[in-house]
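These are the structures in question, set out in turn.
Below are two complexes that have subunit A in common, paired first with subunit B and then with subunit C.
The block that comes next holds the complex of A and B.
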């Protein structure tokens, strides 16, 4: 038996909770991504600074989920906190970020 | 949604609306200015004033905190923690459950208590009454 299998047999994981947490994180990321797009468009960011802005604020959201929503103990709520919390669902909401970014850039600079 | 999250979201939304409107007015003001009226070194004209930038960033941070606080609470993934909390919730009165609100682990829309199978197992079989029923049936002629 592999060590990981053995660990899962001793301390089983509830799939239902894993999915609930993943969905909650995805919802948070989607909402905040559109919000970041509004801010980036208002500030008039272009090209790489805009993507850098998204990266920095995504780290902020991850930190908030890590310390506020998960009480600073993400291993209780995410199976692999590094991959599922800090890197999880970052690239999906990027499209909604670019959408609101370009929309508000056009609205404000018109 | 708890009241603090609602308040933060409200303040953040207000700040963001004001910042976007200010930025729009700023760009509209300088777009309509004749080229001679604009000070030389025009990058300073097109860039936003510092207060609008700061207001936008502050509103984003406030809204972020509000959204994270307003999101439904995470559920424990370790089986023993999860099952223990469900077991405790089963014994609560409806008022206690209502006070727990969306921090409940079980409740509608979830698979519920994993130990319910053990709670609802069948009792002992009453052999004497079954035997009497069978005897009556035989006495009546054995037709079902």
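The block that comes next holds the complex of A and C.
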């Protein structure tokens, strides 16, 4: 038997926990994306600075999850932290960011 | 062409309350409605005869034994394996022992398959119909702002620029032609909310909700998760499973556990 299979047999990956972690991360991303949209709209950011704002802040959120929530050891919670924590879901949170951004941009800028 | 001037148009604030908010509220509620409608419309699992169930479950038992073999002690694993292999080869779990050697009948004549396919199509219809309804409604009510009571003709300014090709789609119902693309009509607000509210649905309805578009598309791609059994000859399935069981190499995970425990507590 291969060493990785042996390792997996000894320390199994529980599917339920993996899904729970993924869901928590996705929820966090969505909520913060909406709030960042509010901020961007209120600040009156336009096209490129607006998306840059989103990119920077979502990296900030990932860093916060990495250092504060996962105590600097994300491999305990995620199977492949690089792929899931840093480069995870983009389309869902981006669309809610754009939604609240447009809403508040229209509201505030009048 | 003249350089595009920054166009700021004075907008009646009442416009905002009467259009943006109703559309958003309606979309949230129809999403929730769609979720509950689909949950209620779902027919439960069909009651199957005992022999069919036993056939399917015993096959699953063989697969489970193979997957989790290493958790069992060697003697326990060997006992189960011997029993299952002999039972599979004798066809003790078959639903239809007389039809053992014959080829399978036409799948379309099997009523169980039709039920499965109809269930999938019902889900699709339940998703498409409300969307088209809402689009039609919005088109009817919220179009043609130039002639409406509110002075300005457009709704919301998009914070980011789009190519001119989007103009015809997003500014339907607005009279002027050379309006900057960034000013969009209510139809585009509909599209924005369509995509942007999916995280909200996930948050409100929990995962596995029927209002989220992404899960819909994924469900369309896995239609036959439970329908593989009747398609293939169960006898062949049993025999192949018996062969797979024979070749399993058993490495008990408690092998050497004393060393691992001591190493960890060092």
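Note that the second predicted complex is superposed on the first by the 101 of 110 C-alpha atoms of A that agree within 3 Å, B and C clash if a C-alpha of one lies under 4 Å from a C-alpha of the other, contacts with A are read in each partner's own complex, and residues count from 1 in each chain.
Going forward, a contact is a pair of C-beta atoms (placed from the backbone, for glycine too) under 8 Å apart; a residue touches a chain by one contact, two chains touch by 3 or more.
Please read all numbers here as calculations on a predicted model, not as lab measurements.
Participant: Sharing subunit A, do subunit B and subunit C clash or fit in the superposition?
Facilitator: fit
Participant: After superposition on the shared chain, which partner residues are touched by A:88: those of subunit B (first), subunit C (second), both, or neither?
Facilitator: Touch partners of A:88: none, neither subunit B nor subunit C.
Participant: Which partner does A:31 contact after superposing on A: first (subunit B), second (subunit C), both, neither?
Facilitator: After superposition on chain A, A:31 lies in contact with both partners, subunit B and subunit C.
Participant: Taking CA centres after the superposition, what's the angle at subunit A between the directions to subunit B and subunit C, given in steps of 10 degrees?
Facilitator: Given the fit on chain A C-alpha atoms, the answer is 80 degrees.
Participant: Counting only touches as set out at the top, which of subunit B and subunit C does A:103 meet: first, second, both, neither?
Facilitator: A:103 contacts subunit C only, not subunit B.
Participant: After superposition on the shared chain, which partner residues are touched by A:46: those of subunit B (first), subunit C (second), both, or neither?
Facilitator: Once the two structures are laid over each other on A, A:46 reaches subunit C alone.
Participant: Give me, in Å and rounded to a whole number, the least C-alpha distance separating subunit B from subunit C in the superposition.
Facilitator: Between subunit B and subunit C, the minimum C-alpha distance equals 9 Å.
Participant: What part of subunit A is shared between its subunit B contacts and its subunit C contacts?
Facilitator: 27, 31, 107, 109-110
Participant: Tell me, which parts of subunit C touch subunit A in their complex?
Facilitator: Those in contact with subunit A are residues 11, 13, 16, 20, 70-71, 155-161, 189, 192-193, 195-200, 202-203, 207, 214, 249, 251, 253, 260.
Participant: Any idea which subunit A residues touch subunit B in the complex?
Facilitator: 11-14, 16-18, 20-21, 24, 27-28, 31-32, 35-36, 38-39, 42-44, 57, 60-61, 64-65, 68-70, 76-79, 104, 107-110
Participant: How about subunit A: which of its residues touch subunit C in the complex?
Facilitator: Per the stated touch rule, the residues are 1, 6, 9-10, 23, 26-27, 30-31, 33-34, 40-41, 45-47, 50-51, 92-93, 95-96, 98-103, 105-107, 109-110.
Participant: Which stretch or stretches of subunit B touch subunit A in the complex?
Facilitator: Residue positions touching the partner: 16, 19-20, 23-24, 27, 47-48, 52-53, 56-57, 59-61, 63-65, 67-69, 71-82, 105, 110-111.
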